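For reference, the structures are reproduced in the following blocks.
First chain A sits with chain B, and in the next complex the same chain sits with chain C.
On to the complex of A and B.
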């Protein structure tokens, strides 16, 4: 359809009529318009193709080669992938990524839902101000966040000071340097970054749920918990889906925070797939192996985001 | 009645606690940055000398300018190409529209990790590593998907009568775009620009890979990372001041345009 053919009321009818009545000059005009449409897409797709799609294809291609980035690359088939799925170090990075999903996605979403569950029945005061403040972690660069938390977790930082103040001196430690606490400590930074987003998303969503659904639930004798399960939770499907996609993707990538807090340490305790890719590509120069790790990570992100969307698709 | 009161009390208490926790880390680095460093001879409890030392010693006078150049470049180019593409997707008869949308969707979830290795080789081959090109071009590409979907959604919601009457008056698609559609989309474009500015300003991995050896073009987060890594245990107050400097432009923009930022960040993910 060209510009002039658009009709809000009955596009289908119009299309059929247009096809029947279309004479030869009209077809030529339509053809020209379709070519024009491509011209508007051209500049954007030039950038997108050259710097997103083409590199993506090349990454896929590299992943089947053994290459140090300098000498000639050697075809090795699936060897890089086999190495990822059989090496304990590589697998542990993916295990860490899944642990981060707990901290980045699960905890913030649950916290957000609990708040909304309590708040749907009352009018929220100061909502604008609270929303502004809750969103602050989302706008700060992760490098800045890392600097702030490195100090909070430091040996002379506020957490240890608080523990000492209540007599728990034996619990104090360098939280990011301890094998036992480094992974959850980094994970909790992610929780901090994400919970405000989840709260704001869910509160916004819950205010769009029609009030009469709650009235109806009350008439049916539903208590607060049943009301939450029957009205609030289904009403928030879309928001939950968005929150999960954002947080799960962030958990699986998570390069900035890890690089700027623990650098993957102590030992390999907080090593993640992004780190494997960076080190393989630019430090140890196993370019093919790094590319294979990127393909695995990207596939994982695509599968999980696709799965979340399919599971929580809104009924229309 | 009383149970509702308790709910209101607990709910507000939890929200306020959440807000305080969200605020604490940033407030604490600001306080840290304003406090005198060891060996300082500042008179009072507050001093700006850490900022001066970060500005000079950490090279942040350069990197903040670099970040601004990169962010403006990415925002302007992405805004332009996404407006054009969004117009075509929303209002013109694009062949294989569904397939194009599908290709755009890839860019929405594509992590930078999936393309850094070839990007490095590409820019090394062109001799453009450690230049503005190496950081601007890939970020235009990474913002393109979200931006195009954003503009498409907005343009699709415009009343069709507007462009129809333009077509009747004999305006071609370019005139209809520049005179009617683009001006009407300026609010959506403004919100989108906030979002791209935020993403571009805060980007780290691409900068680390593509600009590691040229302090003259390094972006602010990259400089902060190097500075904080090199001076780790010596000058925590100066590092804090540097972190505040890196965050400040975004925080100021957020203070004035919070509605647009929040709308962008919450709705940006829903597109497509």
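On to the complex of A and C.
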């Protein structure tokens, strides 16, 4: 985000530099300033390089080897990648990850927008309390969330009890253990976790939208829906972009909820890429394969988040 | 995220577009250069290459190999090939030392009793035990053994993904001398030891050098609820035929025949199916397949019969409903509280069940269709000694005490089945008594069959998912067999590369 800020300031800087052409000492000072600035960045960059960039490069390197993590590795070229793109199981994990985008990103954003749309028309009492309550899922440890939902979805859990109470006995099932319902059931946990975040972001954003825009829309005779489309939605463009990037990333690298609810089952119904990566790196000790899967997943996340930013960038 | 923020944004100035394009071009160039750099790096130095110059298995070299048996590490002797049990005097020569142990959390109750006893008898040793949950331990112990500060004693697991790598990398000490010196040969089936023997490069198991020992045997078997059997008017089953009839009777009486919790895709595909498979398939054939023998196959008439039986049980509702949504822990707890007639699983579940009701349940091994006792099991979670240990004498003494006859009763008190002195211990209740009987039957005339998930590093999940799909009617026995054999063949090919 800081980079974005720099871009906004860029034309300003060029103007300063342009003026500087006329006075040489100023150039030197500017030059020295710039060098000093880089020096300040150095410690941060060293950490970033050592703990983020270097492991990333190493992972990329591992992806071309067959390696158990301990003994000598063997160069296998693109074999690990070929294995990912030709294995039905591996490809299905990416399909599941895309399904999770629906539950982790699309639904939470829509729900968040609807709530904000309503709020711009209707005054909600105890907004602060509501915001806190809805944000709680974000703060809880995912393991806690997963254990709680495992109980909610269990054969003897509250969902089935409620269904039985209203006579829908035939609908009851072990929701996480059923081939048809496991994926949506896990997905809905993600929806529950994520929509609070989206809502808080959107409420924050909507408070920045000038009230006179709403008044103008009303004067022009806009109904609630038109008002939402013409004022609220465009006003939240930046927030929607941030929310989508966070939630899409969370959907694709989702691990803890699946790990603690279904372990990828039943069958392969909820198997996801990060599970394959973890399993390869720590359980079956196919480090090269796991690294290749990580590279594919990282690339996918970068492409998608990049795409979202390109689509939703602020036009001036 | 950062690169996108700046490269995608366009400037609003009139020259904006060109600035952006130029910037973009520079970025592409940077990307190309860094890619080339990374590629160069990638090719230059292989991960794990430190052991590349040494042939596999030779790197570790037992660190304690004084040529003349001379004193080392503060005066202790040479323990690289012991011929008699290590004595407190031998260990005292180390001076004050710390013995580091990494153990499965399931061993905690037993080790808590052992450590004070050990420290009393070996006063110069302080034992530091790190307990980890099973999965956590399996994920970290190899790296710990590979580090410069490895645990001296550690739990391991059979199979290529654990012991295979430890042997190949030379991380653990051969234990044949230990077995001989401590007299652990008598009265124990050879099949129990074979699962811990490996060839020098860790690519085959079943014969060769022993690399681990076990403390308490863990056969897979059948738990039964005594009260429920009585209600149903049934005797404890002795064979797979008896069990089949009992399941039918239980189901007809409206009881849940088998309690199962399988959210983790375990134990249906590996342990439960394993027990059924042991009933129909030839033990030697299964073990050969597990060990990766040339030409071995999962596709045998016995295994097909076992799969058909498992499917039939599932279709008859013998596992009840919702077992894929229930965790194994919850299932064991529910069973101990009286839900379900039978439970198929390892003897290690006995501790939990007997804690709830020491006399309410029984345990039995089943006679296979061949008429012999055969079941999946081992001589216990393998205990290994680091080949880099600076105090191997203390490590040996520690495991010697753990597996001694004097210590056997402690295992028994915790509801477990000690490998040493199985016949001499006093059971905690009738459940354990029946478990001791079962273990005896196995030691005397039965066969240990390996766990099916040892066959390949990914076999646990392969079996787990396929079993769920088989019982859900999504695949048939043919597909199950083809998938599992396919996984095996793929791994065999990788292994030979």
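We adopt the following convention: the second predicted complex is superposed on the first by the 265 of 316 C-alpha atoms of A that agree within 3 Å, B and C clash if a C-alpha of one lies under 4 Å from a C-alpha of the other, contacts with A are read in each partner's own complex, and residues count from 1 in each chain.
Just so it is clear, a contact is a pair of C-beta atoms (placed from the backbone, for glycine too) under 8 Å apart; a residue touches a chain by one contact, two chains touch by 3 or more.
Since the structure is predicted, the reported quantities are computational estimates derived from the model, not experimental observations.
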{"item": "Which of chain B and chain C A:245 touches, first, second, both or neither", "value": "both"}
{"item": "Touching partner for A:294 - first (chain B), second (chain C), both, neither", "value": "first"}
{"item": "Which of chain B and chain C A:62 touches, first, second, both or neither", "value": "both"}
{"item": "Which of chain B and chain C A:305 touches, first, second, both or neither", "value": "both"}
{"item": "Contacts of A:282 with chain B and chain C, given as first, second, both or neither", "value": "both"}
{"item": "Touched partner set for A:197, first chain B, second chain C, both or neither", "value": "first"}
{"item": "Touched partner set for A:176, first chain B, second chain C, both or neither", "value": "second"}
{"item": "Partner chain(s) touched by A:265 [first = chain B, second = chain C, both, neither]", "value": "second"}
{"item": "Partner chain in contact with A:98 - chain B first, chain C second, else both or neither", "value": "neither"}
{"item": "Broader residue contact with chain A after superposition on the shared chain, chain B or chain C", "value": "B"}
{"item": "Contacts on chain A seen with chain B and repeated with chain C across the two complexes", "value": "1, 3-4, 6-7, 58, 62, 69, 150, 245, 282, 287, 302, 305"}
{"item": "Chain C - residues contacting chain A, complex", "value": "1-2, 4-6, 8-9, 11-13, 38, 41-43, 46-49, 51-52, 56, 135, 138-139, 142-143, 146, 161, 165, 168-169, 171, 262-265, 321-327, 457-458, 461, 464-466, 468-469, 472, 474, 494, 497"}
{"item": "In the complex, chain A residues that touch chain C", "value": "1, 3-4, 6-7, 10-11, 57-58, 60-62, 64-75, 150, 153-155, 173-179, 245, 261-268, 279, 282-287, 302, 305-306, 309-310, 313, 316"}
{"item": "Chain B contact footprint on chain A (complex, rising order)", "value": "1-4, 6-8, 30, 33-34, 36-38, 40-41, 43-45, 47-48, 50-56, 58-59, 62, 69, 111, 114-115, 118-119, 121-125, 129-152, 158, 192, 195-197, 199-201, 204, 224, 238, 242, 245-246, 249, 252-253, 255-256, 259-260, 273-274, 277-278, 281-282, 287, 290-291, 294-295, 297-298, 301-302, 305"}
{"item": "In the complex with chain A, residue positions of chain B that touch it", "value": "4, 7-8, 10-12, 14-16, 18-19, 21-23, 25-26, 28-29, 32, 77, 80-82, 84-85, 87-89, 91-95, 100, 103-104, 106-107, 109-122, 137-138, 140-142, 144-145, 148, 160, 163-164, 166-168, 173, 176-177, 198, 201-202, 204-205, 208-209, 220-222, 224-225, 228-229, 236, 239-240, 242-243, 246-247, 250-251, 254, 258, 261-262, 265-266, 269-270"}
